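The block underneath contains the structure these notes are about, expressed in structure tokens.
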Amino acid sequence: MRIVKRAEEMMATARPVVKLENAYKAFGGTPVLQGISIEVCPGEVVAIIGPSGGGKSTLLRCMTLLETLDQGSLTYGDIDVVIPGADGSAVYGTSDTLALARQRFGLVFQQFNLFPHMTVMRNIIDAPLVVQGRDRAEVERQARALIQDMGLEGCEEKVPYQLSGGQRQRASIARALCMNPQVLFFDEPTSALDPELTGEVLKVLRQLAAEDITMIVVTHEMSFAREVADRVVFIDEGCVVEEGSAEQVIGNPSEERTREFLLRSLT
Amino acid sequence: MRIVKRAEEMMATARPVVKLENAYKAFGGTPVLQGISIEVCPGEVVAIIGPSGGGKSTLLRCMTLLETLDQGSLTYGDIDVVIPGADGSAVYGTSDTLALARQRFGLVFQQFNLFPHMTVMRNIIDAPLVVQGRDRAEVERQARALIQDMGLEGCEEKVPYQLSGGQRQRASIARALCMNPQVLFFDEPTSALDPELTGEVLKVLRQLAAEDITMIVVTHEMSFAREVADRVVFIDEGCVVEEGSAEQVIGNPSEERTREFLLRSLT
Amino acid sequence: MVTLLGSGFVTSLAIFAFTLVGALPLGIPIALMRMSRVVPVRLVARAYISIMRGTPLMLQMFAVYFAPYHLFGIQLSPDSKWQACLVAFILNYAGYFAEIYRSGIQSIPQGQYEAAEVLGYSRTQTFMRIILPQVAKRIMPALGNEVITLVKDTSLAFSIGVAEMFSTAKALVAAQRTMIPFGIAAAIYWAFNFLVEVAVGRIEKKMDYYRD
Amino acid sequence: MVTLLGSGFVTSLAIFAFTLVGALPLGIPIALMRMSRVVPVRLVARAYISIMRGTPLMLQMFAVYFAPYHLFGIQLSPDSKWQACLVAFILNYAGYFAEIYRSGIQSIPQGQYEAAEVLGYSRTQTFMRIILPQVAKRIMPALGNEVITLVKDTSLAFSIGVAEMFSTAKALVAAQRTMIPFGIAAAIYWAFNFLVEVAVGRIEKKMDYYRD
Amino acid sequence: GGSPAPTGTKAGTGSEAAGKDTSAVATGKLIVGFDQAYPPYGYVGDDGEFTGFDLDLARAVAEKNGWTVELNPIDWDAKDTLLNSGAINCIWNGFTMEGREDDYSFSKPYMLNKQVIVVKKDSGITSEADLAGKNVITQVDSAAWDVLKGDQADLAATFGALETRPDYNTAFTELASGATDAVACDLSIAQYQLATNPGAYLQLDQALSTENYAVGLKKGDTATGDKISQALKELYEEGTIEKLCKKYEKDGLSFENWILK
């Protein structure tokens, strides 16, 4: 049932849902992103891999507007979120523009960031009700379906501290999905999951891909990347070292650095 | 270089460093541990695997005295930490006994729990200096070696919030190791690590095993369990479903439940 | 004597209640302004808090009470002292509450703001739905301190002639040359503050259903 | 006039300094007792805090001052009022500080205690090395509130005849039939409290190097 | 009423021009500001009502003049501002006029008062000379304080220390407990203390001063002052004053001290 979509095909057929160009970002003088460009088309699933500290999370945070870029441009479909200014520094759009863009994407945090004072159910339905103003019955139906998909039955009325690590992560995935985003970012979505659940989450991600939801997934599980991604981007020291289909990058990397990284890993 | 030690061999030669018998634990009426027994011999590496919510973290927390058992007994070498009372409920030793036992083990948390106000270096050396009263120069030498082993060079003077997810986890491993524990517990030590680093951590764990440090590792990475563990324990719904060598449990499980779990997983 | 103190206590209670109702909400915008990124807004809030906390409430009460007369020559009516008293109390306590709110708000981990931001919550929604409920739990003990101080500060109302319990006790001490009225006043204060403590404790307990 | 107020202010300052030096540390064991698992210990601490916060400091000062005479018939010396004043202030403020400490201590995530416990830190070490430094950061604003209240509460010392600045101002107001001494007193208070705010702000900033 | 501001162009408070005339003659309402903790002149009675010699006088005077009366207990520190702003229009509370002539208009003085010194009986102090090097306290902003800072400054200079307390109640507790050696106070207060603690205290024979009580009014409000003086005189002639003095005799009031005849 897997929908095979090659990056090249897709680029030809549709305008990218999100496009980052030439992104630079430094923390207190230390460069973390050094001219990264990424373009993702509707329905595409992109896996971002690379060594720890290479800038993967920072990249995601810049694309989800949690960190500000120093230089570069960022577009969500027809929305110009960041454009390069005259002196090259990044110029952000109005807060309305940013709010509009935020409706297009969701993010699952590496540390989950569930709301500790809300039950799992409330965590999932609150934003759809409050931010999107959707119908309560409909939102709850969707939430229940998501809870089912994520294997969280029985946890609806628990608060986050009562959940196991994996349960927390799945709740936070369900929360992001319930907003029906066009693009979904994941920061290591399976890092706290056992293999069984990793399989479950993979199924959900595939289903989402079939529903034409674009996904950008930072992961360090090569098998997961291979399974789920249409395209793999290898990032190290704030640069895109190599990118292409999973078979290409993971199976037969052309760059020395990638090969080294993969060789030293377990899989 | 891998040291192959079979569980059966070891049990015959040495008295267990930690022994948990017949452990029961419930959270507000919901049973989480339902009569688990585990015995680990010096230098042995035990991997605990099983589905999310199965009670792995709770088991570790009970063994590290962070949760109190409802029933059962717990022994660290010659120290009786918990003995069963007349009515079957667990009876804990004096606080001196518990303190003595704590010197024998270390724990790497799933959520790291680094001290946010201390630099990485300080996080690592503070307990050895303060709790164990060791010589400062010696502790710092060891800490520097651990920082090297963990690939944390350059992060010595950073505080936790400035670290990436993987860096945090490695810092917390280094912190536990610097206490020179006899038994080390890990709750998903590689969950935030990329494959490359997983390999590194694996190397460290192997080295520790060679130094006769006993390890109990909760993990959901089968390949990791297979690589590192002398023995694998599969836990579901608070019970030990199956246990044996990695080849046995992961490669050729005898229980239906285990097979199902492994089949549905990716590896 | 007890009835006399009792009726004084009703006045104290009224000041207490009105001040809470006014100052607890008013402290929120002040705390937010105090943390604003817009420098003039932040400075205004800082100055406000600084003056309200930094000068004696008694003098603030004088200022509020007599300002209409001194500045505009408006004659005071017997009602005005009651109004002035409440205005001064509310303005003053809002300054204290603002700082307590700020301490709570700043202790909420960044991740909570980020999660709310990505989910599209507006700043107001983030504050009301995500931050404030968690802040409430954290600041309860400090808030209890301030509320209990307020109970006793009601005695300052007498500086502009609002006769509350403590001034009544003072008058009785003078008339009867015994410390007993003070003792009774202390007991009444303490009993009421005990209720406040119990109430605060109950709220704390109610919010104990979750941990961070 | 300003010199008169100035010398009163020195007294205020002395009360302020001694109270801080005494009450800030004293609050810690009280807070810990308040959170103790041993019920009687906890109840004693609760009662202490309840009485200290629940009854007026002025009456506590009377009680401390006159208790030796009324209870034991001990003759007081002219020095005793100064000692009584300090004892009452310290005991009173320790109660307030204890509650602030408690709010901070309880807001530290459980994981920090667990990490310390597993590493073998004793309860004291955990508290001093892991918890307190993080608490300090969180409670700064609330502590600022209380410290600033203390500056102004020094005026209560006059109830047992310790002539501090505000009572001097009052006497001047009465003698000169003008509110100007009050204005000056307010300015001095405010200036000093401004310094306190700056100091608290600087400490806050210094602890800003980390986040949770 | 809209009658013009009272006479006296040098009236102290500048903003008067902007305000209405709030005097009792203009409004027909006597708003009495008093310290409710100052027996026997003004205090809270056992029944909870404001009572006291001066308050009774105020009621009687108001009745004579056809004014309504409002009793307003005040914080003594705020009396000047309250009077100037019109929140009260007289201060009637054992109010000594000596030394205050420039700040208020007064009725005619009606009562004689003395400032005296009280010591412990067994202290060995029997005269002003014995007070040398001793601690003396008095109430803050009291007539005794004014005297010791003014006419009797030479005597005060011989004291070990001269301090103030918020109220005489505290002062006498200190005297009893030995924290101080002497209290300087009004005659009526001294007599009350001597009466209620027989054998404990001794009043020095020599008075620090004699002075007069009068009703204090906003500077320039001589019209009300005249009306009050007139009414007090009539009350004396009717014998009402003598009855009132009897009523408060146990609190140290004496008809002999009445001077407005």
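Order as written gives the chain letters A, B, C, D and E; numbering starts at 1 within each chain.
Criterion: a contact is a pair of C-beta atoms (placed from the backbone, for glycine too) under 8 Å apart; a residue touches a chain by one contact, two chains touch by 3 or more.
Note that the structure is a prediction, hence the values are computed from the model and not measured.
Steps from subunit B to subunit C, minimised over paths through touching chains, total 2. Listing every chain that touches subunit C and subunit D alike gives E.
Note on connectivity: the fewest chain-to-chain touch steps from subunit A to subunit C number 1. Looking at D-E and C-E, the interface holding more C-beta pairs in contact is that of C-E.
Comparing the CA-atom centres of all chains against that of subunit B, the greatest distance is found for E. Ranking every chain by how far its Cα centroid lies from the centroid of subunit D, the top place goes to A. Mean C-alpha position of subunit C lies 37 Å from that of subunit E. Centroid to centroid, with C-alpha atoms defining each point, subunit B and subunit D lie 46 Å apart.
Separation between the centroids of subunit A and subunit D, computed from CA atoms only, is 51 Å. Per-chain CA centroids place subunit B at a distance of 83 Å from subunit E. For subunit E, residues touching at least two other chains, in rising order: 77, 81, 173.
Residue positions 111 of subunit A each touch two or more of the other chains. Residue positions 62, 110, 179, 211-212 of subunit C are each in touch with at least two other chains.
Interfaces, counted as pairs of touching chains, are A-B, A-C, B-D, C-D, C-E, D-E. Chain contact summary for the complex, subunit A toward subunit B: residues 27, 49-53, 57, 110-111, 151, 162, 164-167, 170, 187-188, 191-200, 202, 220-224, 227, 261-262, 264-267.
Chain contact summary for the complex, subunit C toward subunit A: residues 111-112, 114-115, 117-122, 125, 129-130, 133-134, 137, 207, 209-212. Those residues of subunit E that touch subunit C in the shared complex are 15, 17-20, 22, 36-39, 43-46, 48, 70, 72-75, 77-78, 81-82, 85-87, 167-169, 172-173, 192-193, 196.
Subunit A contributes residues 64-66, 99, 102-103, 105-107, 109, 111, 113-117, 126-127, 130-132, 159-161, 175-176, 179 to its touches with subunit C in the complex. Per the touch definition, subunit E reaches subunit D in the complex via residues 76-77, 80-81, 103, 135, 137, 140-141, 161, 163-166, 170, 173-174, 176-180.
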